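Note that chain A is present in both complexes that follow, paired respectively with chain B and with chain C.
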Partner chain A sequence: MHAVDQKEESVFQRVVLKNASPFHYMKVHLVLENETTRLTAVELKHFIISGLKTLHGEVGAALNVDVLKYDDDTLTALLRVSSRGLVKLWSSLTLLGSYQNQACAFRVLQVSPFLLALSGNSRELQLD
Partner chain B sequence: MSVDLDRTPRNLLLCERSSLLDQKNRLSAQVQQLHFGYKVSVLLPECSSAPSHLDSVLNSFSSFYLIRKLPIYELLDSDFLQKAVYPGGVYGLSYRTRIDEDNCVALMPNVVSVDLTDSSMATGGRGYMRLLTGLKSRLRLQTDFLLSHHPGGGACLQPLLSRYDWSEHTPEVSHCHLTHLSCPAPRSCDPHGLLEWLGAVDADVSREDPSSSFLSSLTCPDPKTRLGGALRVSVCGLLLPPDVQRLIQELRRYLEQPLLESWVSLTVHGFVDSPVSWGDGKHGVLRGGDNFYNLLLFQDHTYQLHLATGAHDTCPP
Partner chain C sequence: MSVFMDLNVLFSPDRNRLQGVIETAAHLGFSTVAINYVFEPSSKKKQVIPVPCPISELIDQLPVVQGRSRPIRVLNRLTVLMSDSSHFRPSAPEYRRFDLLAVQPTTEKLFHAACMLYDVDIVCISVTEKLPFIFKRAPINGAVERGVVFEVSYSAAIRDATMRRYTIANAVCLMDSCKGKNVILSSAAEKALELRGPYDVTNLGLLFGLSDGDAKEAVSSTCRAVLLHAGNKYYSTSTASTTGSTAMSTTAMCADQSVCVQRPGGRPVGSSTPAGSSRRRCTTQTVGSDSPEQVAAAAAGGDLCVFTWTGEAPAAKKTRSDD
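Presenting the complex of A and B:
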């Protein structure tokens, strides 16, 4: 085929994927009664798994939750879970009320089927 | 019961591939549809510093204004309409209002529910007076408001600004040098894997660390190559489509030179709390609220565009 013809045969393709993301991503912040308490990333993951086990049993505890990023100063983490496990994970985090005998709460700051969306949250815009 | 637990909010990912040499390509129109950009992020693989022409564009996004406690009826001021709104190029969005909790307001050339350019909304008309009366007496909406005008120069906005507490802001630019990263093949990688990789780069997520395999199983999609480094540049603020268009033109110019890697990535995030997303389409946030697109440009003038939207939005154009 002639080279000019190849250039003119542009390939246009449009595909709409609905509910096709295999994973969901959550940005969460752990609020503790004693604000000086700190957890390591491993301790955080253990805590999340314990919450899954409490609410959803062994099946829940077997859910693969990835701690993609963790800031131990602000206790903020980026989590990844399979899309089918989002409701189980989110409900477990919601009902986790105590850590080592002190009250706690998980604040879910952002949820998305795209990790890229979690790096651009306009609610963080500070102009003061 | 188990079926309900498996369900997630509806989300759409629109994937388009085309060539910029094709006169029918819709990239420019699609970029124009995201009226309110919050963050623009550019990834330049195997690049240590941006060339001056690119740096210049990244540092020249339109400045914008923050007006404190603006009564919404002021947007119907006849002088403001005549000098700013009717000529076009004015963009405005309520600031620090959460769409799932508060009233949110957006000002575009075509406002979602009130078309200020419609004949029935002409100054003094019945529709206009009814709305003005409503906003002044019955529903006294007041909010902090972000306002911008393109092309630059806020002269037409000054009469409105002078009546309230306001400040001018320029978009914030930040650079980050990344080293030693694995990179998937952008043309053959599946869209979700590619967007996950881009998200990991944008969020500084470290990957493939064997010592943290308990924490995360995140890996780079195969096939992958090793990059010596990359440059990530981000711009944050109220970012307008015309400035994004200029950036795309400069990225095309950047790709014309010989490069180690023949692609660049541009991600544009919309405002989470904007009442509109694509064009005039409604936007909402309950359990999601995605409102961004990613553009991969290649040296052969082809591109891949991924537009993401959430459960309360219409399909992107």
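Presenting the complex of A and C:
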């Protein structure tokens, strides 16, 4: 969807893009109580879908969530979700509290409609 | 200016656990955290209001907040669970040891009294049970005018599925009645893994029915408004010295969130400590200085000040400094 807003008197032109990107990308990190536990990518996706189902039911579980990248040493994943489902996915990740009877927390590191923005993270910038 | 605050971190006698929670909060980006002492008075036996542990005893080195250069600020807060009107004594001296005062009413009458009459900063909405009463517009609007905020905590929703339903139901009910104003979201975290980052909590606010702007305010500006409402001692002006012909007046934010205006010449107009509530202070001081260094020193004190030049200087110079 694309809306153009123009000012008459000057040459200034403002272009407003609404929902330019159909997807939102999230970089998340799973923190578990027992730090030596490891998950495979399939287990992680199952865990996320079960969280969606718990909070938002079957409609939430039907949301298209993709795990684009997964690092199983650091338990960091790159997720992709359609923009309509961002609030649902994010809230279900926030309220997920336990994985196989151990306490856990999903730390959302970055969220962006553009995948390129996730390549750099100013919060982890080391300034010498 | 988005300074994120989490005004409800449950106190636990285990030092290491509390230290872990504060470190996690600093890592997640919260600039201020308030340690909550829950006090549940019962009419059967006399109970002693807990004394807050001084922060220096709890944790030696306050961790630096991620993304900023200052260490995290830790405050003390008391929550009184009220099931009877005698439980909350309006001017008990023990309350003065805490920076924030909260109350959790369990009946409609107590809720009305807490919103309209009691000298509290926060009214907690219970999330562990079905709402015992319906929210009416009248006490909520009264509370909004007084500057009292409503608090919804989310960590119960993380622990248990039934609590999740109650949290969302009660929060949605509150948002319907108060239209999203004067709401804060906080964890009632006992462990570090129950804390969530500020943007995650903002997203939860969307789930509860707040608009985008209101949800972010619930974690940032409304929390700051609560601190100012409580007459937090960090925010009162301190030094004053009057010299020279150019006198600058500084004004501090009043308890009711309107700025006291000082007429040039140093006489405050209409500013006075509200009678009967000594917890809130509204102080106006006149700082006269000829040197910009003193200005910078007063401004760097972290106070909210408005400087106005009086005297020969033609331009009115305003600087605002706050953390």
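Of note:
In this text, the second predicted complex is superposed on the first by the 110 of 128 C-alpha atoms of A that agree within 3 Å, B and C clash if a C-alpha of one lies under 4 Å from a C-alpha of the other, contacts with A are read in each partner's own complex, and residues count from 1 in each chain.
Simple rule for what comes next: a contact is a pair of C-beta atoms (placed from the backbone, for glycine too) under 8 Å apart; a residue touches a chain by one contact, two chains touch by 3 or more.
Note that the coordinates shown come from a computational prediction; the quantities given were computed from them, not determined experimentally.
Contacts of A:87 after superposition: both chain B and chain C are touched. In the overlay built on the shared chain, the residue A:127 is in contact with chain B alone; chain C does not reach it. Of the two partner chains, chain C is the only one touched by A:33; chain B is not. Using the contact criterion defined above for the overlaid structures, shared-chain residue A:111 touches chain B and also reaches chain C. Of the two partner chains, neither chain B nor chain C is touched by A:61. Chain A is touched at more residues by one of its partners, and among chain B and chain C that partner is B. In the superposition on chain A, contact of A:45 is made with chain B only, not with chain C. In the superposition on chain A, A:95 contacts chain C only, with no contact to chain B. When the shared chain is aligned, chain C comes close enough to touch A:103, but chain B does not.
Residues 87, 111, 123 of chain A lie in contact with chain B in one complex and with chain C in the other. Every residue of chain B that touches chain A in the complex is listed here, in rising order: 4-8, 10-19, 21-22, 24-25, 38-39, 41, 66, 95, 98, 167, 169, 191-192, 195-196, 198-200, 202-206, 212, 214-218, 236-237, 267, 269-273, 287-292, 294, 302, 308, 310, 315.
Across the complex, chain A meets chain B through its residues 7, 10-25, 41-42, 45, 64, 66-70, 78, 80, 83-84, 86-88, 111-123, 125, 127. By the touch criterion given at the top, residues 28, 66-67, 154, 157-159, 161, 164, 191, 193-197, 199-201, 203-204, 206-207 of chain C touch chain A in their complex.
Across the complex, chain A meets chain C through its residues 31, 33, 54-55, 87, 90-91, 93-97, 103-105, 107-108, 111, 123.
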